[in-house]
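Heads up, the next two complexes both have subunit A, just with different partners, subunit B and then subunit C.
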Partner chain A sequence: MSATANRDDRLATANLGVAVAAFGVAAFMAFMQALSRANLELPGRSAGMYYLSVTAHGVLMAIVFTTFFIMGLGVAFTNAGLERRLRYPRTAWAAFWIATLGTVMATWAIVTGKATVLYTFYPPLQAHPAFYIGLTLVVVGSWVWSFVILSTWTAWRNEHPGQATPLEVYGMLAAIIVWLVATIGVAAEMLFQLIPWSLGITETVDPMLARTLFWYFGHPLVYFWLLPAYVVWYMVIPRLAGGKLFSAQLGRVVFAMFIVLSTPVGFHHQYMDPAVPSGWKMLHTFLTFIILFPSFVTAFTITASLEVAGRARGARGLFDWIGKLPWGDPTVSSVLLAMILFAVGGFGGAVNASFATDSVVHNTAWIQGHFHLTVGTAVALTFMGTAYWLVPRLTGRELELGLLAKVQPYLWFLGMLLFSIANHITGLMGMPRRVFDATYQGSAIAERWQSLTAISAAGGVLLFISSTFFLLVMLGTVLAGKKTASREIQFSETLQPEPASSSIFDRLGVWAAIAVVLVLIAYAYPIYSHLSMPTFGSPGYKPY
Partner chain B sequence: MTTMRVGIYERAWMWAAGVLIVLFLAMLGYAAVAQGLRPPSHIETIDPRAVFDDPRFANPGVTAGPDGRVIVTSLAMTFAFQPAEIRVPANRPVSFGLTSSDVQHGFQIVGTNANTMVIPGYVSEFTTVFKRAGEYLIVCNEYCGVGHHLMSSKLIVEAAP
Partner chain C sequence: MSEPHTGGDEHPRGTLALVGLYGVLFALGWFAIYLFVYLPRGPVTQ
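Let's look at the complex of A and B:
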């Protein structure tokens, strides 16, 4: 039997294809933004274009690129991990098309200037209904995809009673549960608030309720991005680096903790908001620090696995295993560099999570410096590296333009270093984020930011070159890659023996139930008391 | 969990990570209880379509409050703050009260930790002390439309006479 008989490779490839296309468009917009921010006179540069472009970049990167990539990865890893086709391939195709239709609708609304509300779409800024409906369809598509993956897993479980779920699938299932719990918030915001309001069915919305629902969704969203990247770190990289995973069971602990703790932390995005009680913000602060734990454990497990790989390649001393790792393999180097920048991002995250220090950096350029390290590198660079390894196996074509692929992660790393450091510093100096032009009518205070915005722009140029390399490699591979028969998708072996049978970790329903209880504790009362307080709604505004 | 075989390294690391987090939490808890360091918050509503007639915001500006504190009310709107210039004394508690007459805005005094969201329908409030006399730039730090980057005002902190 061929390697691909049990697989839905065309579906996985289609999802990755939309992801890469969205990435390409968004990277181009980002390039223009970074230059614009440094006040370079580009043709057609205007405030309206800038904010339109930031909206497109945010939506296409943070929502479209990530969601489609994860859907593609989920299909491929479910196939390969369970050695089984999807249970409902046609339904999974429907999911793809629903999400694609939603993407087209939202993108249309953005590029025609009808939805310059940024990817956070805080009301009472109001967009065209197609924007909200389009994004809702993306989420609906992802729900249908989630259903297909979950039911494929339950079918597998019935066929393999008592067997432990392989970690590469376990991690994807954890991401799916986090996503299902999280999207309740944004779905409620869309269906009860924004869609009826943008259609003129209701006259006003409550902006605070919308913020709370958005951030109920917005924080766990980051774990929906991160967990699939962790799956690659755990189950792909040790093997490619020539070693073994230190312990898969520890990975299960990590993913189960994320299921439980991802959602009840959203108020840490609302420290500076009125109308959210201080005590509830405090509770979310505590939970935010607890959720650092699984990431600490991941840092240990992956580092230990890499050390195992380095020693297997002949390292003897304390640290020379680092040099022995295959830094020339674009998948491995992408992940290693992503991990380094993620560690830096983690320190910044601790600053954001502490409300006293957050008051200095809230909504400044620091924030954009921060999340370009986390989602913009830890996740996005991991995904690009994953594509170098996965796309040849899905399409049966060898990676083309391998030299560009080798250079690309390093360019990204350098570009992001410049971009991110500059933005962290200007943020500390008080420069706000999301501004077309940060000169403030020649203010002497704003003058001090200007040389740093130029460094950020230089980083943007490197990032754009890196993005172009990635796109060329992808296009070259799909269009001109040599046919290859080596299409096996193999995962890491583990150093500690895998448990022979399923354990409490495989009872995902239990973990999901604990998650729901914690969410109720963290949110039910604050939302209830907000709803029972007399509030005033706002009509829509379109000042763009 | 009987099937779990965690090596000695793993266990040491998990303990270290756990202790670190407990330390963080203890620090936060201590600061909250002993120093009253809690997340800022203020719960008060206002009709965003009637802010210009509301006595709280009809005359935004600086007034003297009880207990020697200075009270500043400021109104955010696309794309300006009212008043455009605020004068307060140094080394005295200054309480800010803010709201928006249209979309969401931010209010950030550059170079300080004075920073709050300004949300239509709600009043934001916080108190701070300016130690350094001089001119400060106030910027809107939440996207509010095509003139977002133009939305700013001035704070002048005057040395106590």
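Let's look at the complex of A and C:
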């Protein structure tokens, strides 16, 4: 039987294709912002264009690129991990088209200047209904995709009673459960608040409730991005590095912890919001710090797996195994460099998550510096590296422009280092985020930021070059790659044989139920309390 | 040909050293922000 007989490669490729296209548009928008931030007088530069491009970059990169990439990855890993086709391939195609239609609607609203509401779409900034309905369709498409993956897994379990779910599928299922729990918040915000308000059915909106519902969704969204990246770290990288996974069991503990703890943490984004009582903020703070733990365990497990690989290549000293790793393989180097910057991002995240220190960095450039290390590097660079490995296997074409692929992760690393470190420092100096004119019309305080803002812009230029390399490699591979018969998708072996039979970790319903209980504890009373108070709705504003 | 040495029978001492170093830097970084940035500025409610 051929390697692709049990696979839905066209569907996976289609999802990855939309992801890469969205990435390309978003990268161009980021390039414009970088130059604008450096105060270069570009043709057509204006505050309106700046905020439009910030919106497009955020939505297309953080929602569209990630969601479609994860849907493509989920199809490919479910096929390969369970060695079977999807249970409902037509429904999965419907999911793809629903999400694509939603993307087209939201993108139209943004690029025509009808939805300059930034990635967080906080009301009372108001967008065209097509923006809200479009993003809702993206989420609905992802729900249908989730149903198909879950039902495929259920079918596999019936065919393989008592067997443990392969870790690469287990991690994807964890991401799906996190997503299904988290999107309840944004669905409620869209259906009960933003869509009726944008259609004129309701005149005002409660911004505080909207912010709470957004961050109910907004932080676990980070784990929806991160868990598929972790699946690649656990199940692809050790093999490519020439080693084995140090411990699959630790991976299962990590993914189960994320299912349980991802959602009841959103108030750490709202420390400065007066309507959330301090006690509830403190509960969310504790839960946020607990959820650092599975990422620390992941850092240990993956680094130990890499050490195993380096020692298998002959390393003997304390650190010489690092030099023995295949840094020239673009998939491996992407992940290694992503992990290094993620370590810095983890430290910044602890500052954000602490009530006191968050007050220093809240709404400053520190924040964009932080999340470009986490989603912008740990996730995005991992996904780019994964594409170098996966797209040839899905399309049956060899990777083209290999030199560009080798250079691209290093350019990204360097660009992000310049961009992000500069933004962390200017944030500590008090520079606000999302500001068109960083000079504040010649303010003396703002003058001190300017050299660092220029460094940040230089980082943005390197990131744009890196993005262009990635796009060229993808296009070259799909359009001109030589045909290859080598299409097997193989995952890492584990150092110690895994138990073949299922365990408590495979009872995903139990973990999901615990997650729901924690969510109710963390959110039910604060939302009830908010709804019980007199609230003052706001009409919509469209400053740009 | 013999099986390559995988290091599987040893503790990952390089990893433990790196993780320990990171833990120290992580804590020092957080305290640096708290002591040298937050405390001099004071809480926002003052």
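Just so we're on the same page, the second predicted complex is superposed on the first by the 544 of 544 C-alpha atoms of A that agree within 3 Å, B and C clash if a C-alpha of one lies under 4 Å from a C-alpha of the other, contacts with A are read in each partner's own complex, and residues count from 1 in each chain.
Keep in mind that, in the parts below, a contact is a pair of C-beta atoms (placed from the backbone, for glycine too) under 8 Å apart; a residue touches a chain by one contact, two chains touch by 3 or more.
Model, not experiment: these values are computed from the prediction.
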{"item": "Which of subunit B and subunit C A:155 touches, first, second, both or neither", "value": "neither"}
{"item": "Which of subunit B and subunit C A:437 touches, first, second, both or neither", "value": "first"}
{"item": "First (subunit B), second (subunit C), both or neither touched by A:360", "value": "both"}
{"item": "First, second, both or neither for A:25, with subunit B first and subunit C second", "value": "neither"}
{"item": "Which of subunit B and subunit C A:244 touches, first, second, both or neither", "value": "second"}
{"item": "Touched partner set for A:311, first subunit B, second subunit C, both or neither", "value": "second"}
{"item": "Which superposed partner A:501 touches (first subunit B, second subunit C, both, neither)", "value": "first"}
{"item": "Partner chain(s) touched by A:319 [first = subunit B, second = subunit C, both, neither]", "value": "second"}
{"item": "Contacts of A:124 with subunit B and subunit C, given as first, second, both or neither", "value": "first"}
{"item": "Per-residue touch tally on subunit A - higher for subunit B or for subunit C", "value": "B"}
{"item": "Subunit A positions touched by subunit B in one structure and by subunit C in the second", "value": "246, 272, 296, 300, 304, 350, 354, 356, 359-360, 496"}
{"item": "Subunit A - residues contacting subunit B, complex", "value": "47-48, 51, 116, 118, 122, 124-125, 206-208, 211, 246-247, 249-250, 253, 270-279, 281-282, 285-286, 289-290, 292-293, 296-297, 300-301, 304, 350, 354-356, 359-360, 362-364, 429-438, 440-441, 443, 445-446, 496-497, 499-501, 503-504, 533-539, 541, 543-544"}
{"item": "Contact footprint of subunit A on subunit B as seen in their complex", "value": "1, 3-7, 9-10, 13-14, 17-18, 20-21, 24-25, 28, 31-32, 37-49, 78-79, 102-104, 106, 108, 110-111, 113-117, 119-125, 136-137, 139-150, 152"}
{"item": "Sites on subunit C touched by subunit A in the complex", "value": "4-8, 10, 12-15, 17-19, 22, 25-26, 29-30, 33-34, 37-38, 41, 43-44"}
{"item": "Residues of subunit A touching subunit C in the complex", "value": "243-244, 246, 272, 296, 299-300, 303-304, 306-308, 310-313, 317-319, 321-322, 343, 346-347, 350-351, 354, 356-357, 359-360, 428, 495-496"}
